Amino acid sequence: MAEMVWLVPLIPLLSSVMLMLCSANLPRLLIGLLGVGSVGAAALLTLSIGMDFLADPEPFQLTLWTWMQVSNFSPGIAFYFDGLTLVMMSVITGVGFLIHLFSTEFMEEDASYARYFAYLNMFVAAMLILVMADNLLLLYLGWEGVGVCSYLLVGFWYQNSANGQAARKAFVVTRIGDTAMALGLLLLFTELGTLDIQSMMAVANQQWQVGDTVPLIACLLLLGGAVGKSAQLPLHTWLPDAMAGPTPVSALIHAATMVTAGVYLIARTHDLFLLAPISMMVVALVGLATSLMAAFTALMQSDIKRILAYSTISQIGYMFLALGVGAWAAGIFHLMTHAFFKALLFLGSGAIIHYLHHEHDIFKMGGLRTKMPVTFWSFMIGSAALAALPMTSGFFSKDQILLQAYMMPGAGPWLWLGGLLGALLTAIYSFRLVFVVFFGEAKTEPDGDTGWRMAVPLVMLCGLAMIGGYFIIPVADVFPAVSGEHPAHWVEYVSISVPLIGLLLAYLIFHSRQINMDTLVNSSVGQLLRRFWFGGWGIDWLYDRVFVRPYYLLSGLMKNEPIDAIYGLIVAVNQTFNHWLAEAQTGQMRWYILSMVFGLIVLLTLALQIPLEAL
Amino acid sequence: MEGLNIPLNHILLVSSLLFSIGMLGLMIRRNIIFILMSLEVMLNAAALAFVAAGAHWGQPDGQIIFMLILSIAAAEVAVGLGLVLQVQRRFKTLDMDSANRMRG
Amino acid sequence: MNSSQMMALMPILMLSLTAVVLMIQASIKRDQGVAWWITGAGFLLALWGAGYAREFAQPVTILLGVDDWGLFFTTLILAASLVTLILSKDTFSPEGERKEEYYLLLVLSVLGAVILIQSSHMASLLLGMELMGVALYGMIAFPEKGELPLEAAIKYLVLSACASAMLLFGFALIYAATGDLSYGGMGAKAAVAYSQEPLVLMAGSAMILAGLGFKLSVVPFHMWTPDVYQGAPTPVTGFLATVSKGAVFVALTRFFIEGQLYQYSSLIVALSAVAVASMLVGNWLALRQENIKRLLAYSSIAHFGYLLIVLIALSIIDNAGGGQLIGEAITFYLAAYILTTLAAFTVVANLAGEDDSKSMLGAFDGLFWRNPLQASALMVALLSFAGIPLTAGFIGKFYLITVSIQSQLWLLLVALVLGSAIAIYYYLRIIFAMSKTSGATIKTGSRAAIGAQDILAILLLLMVLALGSWPQPFIAFAGGL
Amino acid sequence: MVMVNLILILLLGGVLAMLSERLGVNVPRRVALAVVLVDLGYLLSELAGMPALTQLQAPMPDDPSTWLMHFQAQWIPAFGISIELALDGISLLMVLLTLVLGAIAVSASWTDVIVKRGFFEANLLWTLAGVLGVFMALDLFLFFLFWEVMLIPMYFMIAIWGHENRGYAAMKFFIFTQASGLLMLVATLVLVAVNHSATGQWSFSYFDLLNTPMAEQTAHWLMLGFFIAFVVKLPAFPFHTWLPDAHTQAPTAGSVILAGILLKTGAYGLIRFAVPLFPEAALNFSFTAMALGAAGVVYGAVLAFAQTDFKRLVAYSSVSHMGFVLLGVYAWNELALQGAVMQMVAHGFSTAALFMIAGSLQERLHTRDMREMGGLWQQMPRMGAVAMFFVVASLGLPGLGNFVAEFLVLLGLFQVNPWMTAVAALGLITGAIYSLILMQRSFQGEISATLSSKLEGHGLADFAGREMVTMMVMMVALIGLGLYPQPVLDMAKPVLQSLLELTSAEMTP
């Protein structure tokens, strides 16, 4: 079965091309079938390959053809399949399939139905290529392909130019990260002579010692790419705006798959990062800082999708933290569980938006508990998993991360404390969302609850979110084992109790209104803080002032070609000469005679110059 | 002919003076007749220089060229005066500054 | 003057014979057609004479030196005058004046030019120059009605008389310094004379340069060119541009070589200053010129500026054995220049005739569509002036650059490159005007009858292209001179 | 003789097209297409006879027998000038690109209403003939001749059939290239003179001039003469101001040829003449050249972003893309050179397609101003999709030709100068910015007020069958180049390796 692995990305790709070419004359049902079916087939294929692989976990490599061969640079279109790839593929195809099913109903009335599924399928294909790539160049192909698909999907409703603006912002910011990653690729090839991940890591281990500068630079460049794609500080500003796209898109791209690409990249090239401990620390700090920053901002948001977007950023911050402290398996595990419950939350919010005729502001919703029971229960389970309440999948993965963060020698406890604060905030804002939207008096009337095509994915995801914690991801032989002794039990109890405290706080503030925050919120400091946090710590505002406006100014200034002025000058000089000389042609004969005499005098002086000197 | 042996340079000086006077006349005068006259002066200055040079080198060439210059000057003046008649009839004036229709 | 020397003078004899026959015919019965045919026959006989005289190439008396090089240019001059004759057949015939005198003046002027080319003595130079000049005054002023020709003639007369005076005075000074009037003699005695009174010798040669410079319309003396080109009837302008300037340049080269004037660096400095000035000023003047004839005048100023480079290079290369290249360069460039100018003036004559308003740029709008044949001839001529490959002008420019590189004249090379870069603009402006499609009524397929002028235009167009794309036979021929 | 026939077919074809106008207004375009296809077929049939391309042995630059095809005939023996045409890996690639893009250019202006159609097609074919000559000529004099001659028909195409101020644009185009061409002529002649003084015989042949010993200073100046002529044509940063005007004013077919092929003559000249003839001078000049390339990449991209005219934006994108070629050539190792050759081919297709889209937009909306466009995707979904494909190709999406080229250039450049690569990589970001803004302003967003008023009701014709076929050809080509570029790389490999050996032999004195 292993040789069939290249079929997995091919099926969605083919269906996407099919949908693009004959989008006009296909009936809506057939389009749905084709779109969902292709991802479903890919899922089944992954499942069967996965079963074979779990039987005898032997990673295998398959080369289709050498992409290009120039002197010693010969990357191939080659796929590498091991435990990590299996996990990623199953997440992509599994969650992808559910989201495709969900969107058949969500996008029911949309005019360009086929175009939507074409883009979505192409996205899944690109993501699959990304995770299955054997060499970094093919990974980069998947990387950019995913970027373009996210641009197309975020800007799907292109009639409104604001969506176009958001899509362009998403693409350009990620493109900055991609450029850094490309430079990383160039450095790696120049130093190590190959881009095939496995052989590259082997060569790196021989060639470099721990703590060299070159691996540090390479890792930081790769981190730049990861930060761009996974929306971490400093390149995170595009994700909240990317909510302009349809909600299933946000679910698939900005929750489950694309944003985790950065985590996958670092996990896949972990040997390099192990060679540069400083870069590991940087990853951890970036992760922690992002998770805290995003958590605070999520607290203040009023748009349901922006809350979830900031919560995604904060959760990925956790994964970066895990990778930073060397807990690779825990990071990937959290990636998987996060995909389940975040997709669940997004789809739930999609259902709410769909049936509340596109209402985004949570304070205008309320009391949906009775009217939309399926959505309510999916939100409850999703938020529980998000906040990592005990026995949910989120609990298992987040605790592992916090434990291993604690165990890290040196800054471990501090990272653990930061993580705890993040967990507390996560609990508060997730349940704030639940209480405000589902409890309290109803403000707007939803017209009905989810149809079966929405309900089934929600229920499946609820199941996964609950039991996800018990999955054992087969990455034991991919990553080095985690050292360090198990910390004292009190650390575990603290990390269990923190989410519960958060739940209690959220209940008190938002549901039963015992603790009155108004005095604090309306105070001058509170207002300032509120606006500061609401605007994403002012980073977006900063970028706008520092980068975007000057770029517009610069290009506007140079619009009509300053260089042309130089050539204009040359022309002007010639024109003036022409003008003077033309004036000299007065037509007066006496003037001509004068010029002849003048000429004679000049010739005489020139001719007599030397004899005069000789005298 | 040892009688009047004036050094060559003096005569050359005189003829170049004559030449410059002719040129000056050419520049200053506006009336076409006087322009032709100053042309004659310049040509004769050259002729004088030739004769002096011929004398200096004791060769007849100078005077032969002098004869040549006379005939050429005559030809030019003949054609010149013919044109002057046309100018008088056409432009109603002999002032050469009026003939500046072509410029630029 | 034995018989072989007479044979050597065959072209001159033939022309004089034509002049006499013309005068006799005019006295019998004044008939323009017959006069035209006689002049034509005369030129053809002279052409034959030039060919015939090749075996007898030898110096004839001290006045004339008949050699292959001179005879080649004689044939070139005669060809040019034939073209002028064809063009002037119907230019101002409507006015119905007595045309015989015009043809007589033409023959005399050509006779002057031929003498000038073959002159090797100051007297013959003077004779040839004046004969050509005075005949030209008559030709320029020929159309009675026009005021412009009259103004042009007067200006040309006064200015060239002044130039001749300068020339004469220069020769007088040189004669005073060296005591010899033939170029060869002057050259021999020049070294001695330079040691005694360098001032007189230098002043004399400077004035000669000034006098000849006027005829070649190089910069300090260029002011007359546009007015005379515009004023004179187009065939006469064509004649002036090709025959008169070509002959004077050949005379200047002969004088320069045999008179060994190129040894004196001060003269070379003077000449380079003049060359650079005329290259740049000629092109600048033409930049925004609307009248085609004036534009061609300015471009001829620039072209003779380019030609002077070859003379200047003479002094450096000649003693380095490159003399053969110089001869080839001059022969080729002059041939190319004359051919292109003839082509240009043929078209201008066919289209503009004597009506000055017609020679404005506006009249040429959309010419490609109205009269494609003439338009393409003019286009090829302009491209040849600009030195675009596949035309004779390009090979000429190629020679110029090779010569200036061989002699390391970097300043002149820079001026040449700058000049031709500027030149592209105004040549292209005309081509662009001709290709305008807006406004002009474009009727395809209405072929005007192929008249005599069209044949001439096609012939010249083909010769310019042939010389440009397949120059090898001509180079071999020029090499042998 | 094959090569001479290639050029002759096009020249005579041009004359035929001009004359065929009498038969009917639509006849010339069919004649033109037939002539180009015949030419292509003739070349392919000749090539079929040759040994398979991949095992081309390395053509020794200074030994004519090893070239794919070589033809020599005396022309002006006095100066050692001969009609010498030769074909090797790179020039074959360029010839094929020229003929394919020529056919596409003819089909691009299939339905344009053009005055004097016959003369238009004739000029188009003559430009192609001139360009073929440039790619095949190996005698420097002949090369210069074709270099200038290809300008004249191109000048006419812009001057006669261009848009509003075509006169200015055509004049600027001609003077820029012609003046710089003069510099090249002077440099060639000095080189020949130096060769003459060294070897005692006149020769313009590439093989004799290749390793002329000369002083370091003269080598620098000569290299500069060649460099400026090719860089003006490329166009690189400071000499590029003619390109936006020429492209915006040229008719569709004209700008397709101008962007697709004429820009490549500059790049080809650099690879063939500027560097191999003066290896040491090129080596120590390489930093400035690369700096110009990098500056061109960023400058072109920033300016492209500011444009409101569709074609002008695409023109500036060509400046940015060609900056990569300059970087690739002067990094002078196999990776970068292969990247440069790939960029020449891939850029040819992507820009030609964008110009065709611009042309069809102009045909439908009678304007190129993007302020009057917007939301066209609704009206013309197929054209929108095709435009999206080529915009994405021009910003360098992996899997398409441009990415392979740009990545190879950056890879090669990194080994020479990492900091320069960082600057050039900025081009990737700014490239994305201007490409997407192009899509946004024209095909996405709300329909502009002026456009909706102009349309009031009757919709716009979407891409027809013919246009779709041409676009499909180019899309397949780009995808093929992107996913399997090996045939193109193999074709250029032997030549590049031999050039590298030649110059490396020179550079280590």
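Here the chain labels run A, B, C and D in written order, and each chain numbers its own residues starting at 1.
The working rule: a contact is a pair of C-beta atoms (placed from the backbone, for glycine too) under 8 Å apart; a residue touches a chain by one contact, two chains touch by 3 or more.
These numbers were taken from a predicted model, which means no experiment stands behind them.
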(request) Using mean Cα positions, find the chain sitting nearest the overall protein centre. (result) D
(request) Go through C-D and B-C and name the pair with more C-beta contacts between its chains. (result) B-C
(message) Quick check: how many Å separate the C-alpha centres of subunit C and subunit D?
(response) 43
(message) Using Cα averages as centroids, what's the distance between subunit B and subunit D in whole Å?
(response) 66
(request) Quick one: report the Å distance separating subunit B from subunit C, using the average Cα coordinate of each chain. (result) 26
(request) List the centre-to-centre spacing of subunit A and subunit C in whole Å, with centres computed as mean CA coordinates. (result) 78
(request) Could you list which residues of subunit D touch at least two other chains? (result) none
(request) Would you please write down the residue numbers of subunit B that are in contact with two or more other chains? (result) 23, 26, 96, 99-104
(request) Would you mind listing the residues of subunit A that make contact with two or more other chains? (result) 582, 585, 587, 589, 593
(request) So, with touch as defined above, which chain pairs make the list? (result) A-B, A-C, A-D, B-C, C-D
(request) Flag every residue of subunit C that touches subunit D in the complex, lowest number first. (result) 369, 383, 386, 388-390, 394, 398, 401-402, 405-406, 413, 417, 420-421, 424-425, 428-429, 431-432, 435, 437, 442, 444-445, 471-472, 475-476, 479
(request) In the complex, go through subunit C and note every residue touching subunit A. (result) 154-155, 158-159, 162-163, 166, 198-199, 202-203, 205-207, 209-210, 213-214, 219-221, 223-224, 226-227, 264-267, 269-270, 273-274, 280-281, 284-285, 287-289, 422
(request) Show which residues of subunit D lie in contact with subunit C when the two form their complex. (result) 21-22, 74-79, 115-116, 141, 144-145, 148-149, 152, 155-156, 159-160, 167, 170-171, 174-175, 178-179, 182-183, 185-186, 189-190, 193
(request) In the complex, go through subunit B and note every residue touching subunit C. (result) 8-9, 12, 15-16, 19, 22-23, 26, 32, 35-36, 39, 42-43, 45-47, 49-50, 52-54, 56-57, 59, 61-62, 64-65, 68-69, 72, 75-76, 79-80, 83, 86-87, 90-91, 96, 99-104
(message) Residue numbers of subunit C touching subunit B in their complex, please.
(response) 122-123, 126-127, 130, 134, 137-138, 141, 144, 147-148, 150-155, 157-158, 161-162, 164-165, 168-169, 171-173, 175-176, 179, 181, 197, 200, 226-227, 230-231, 289, 294
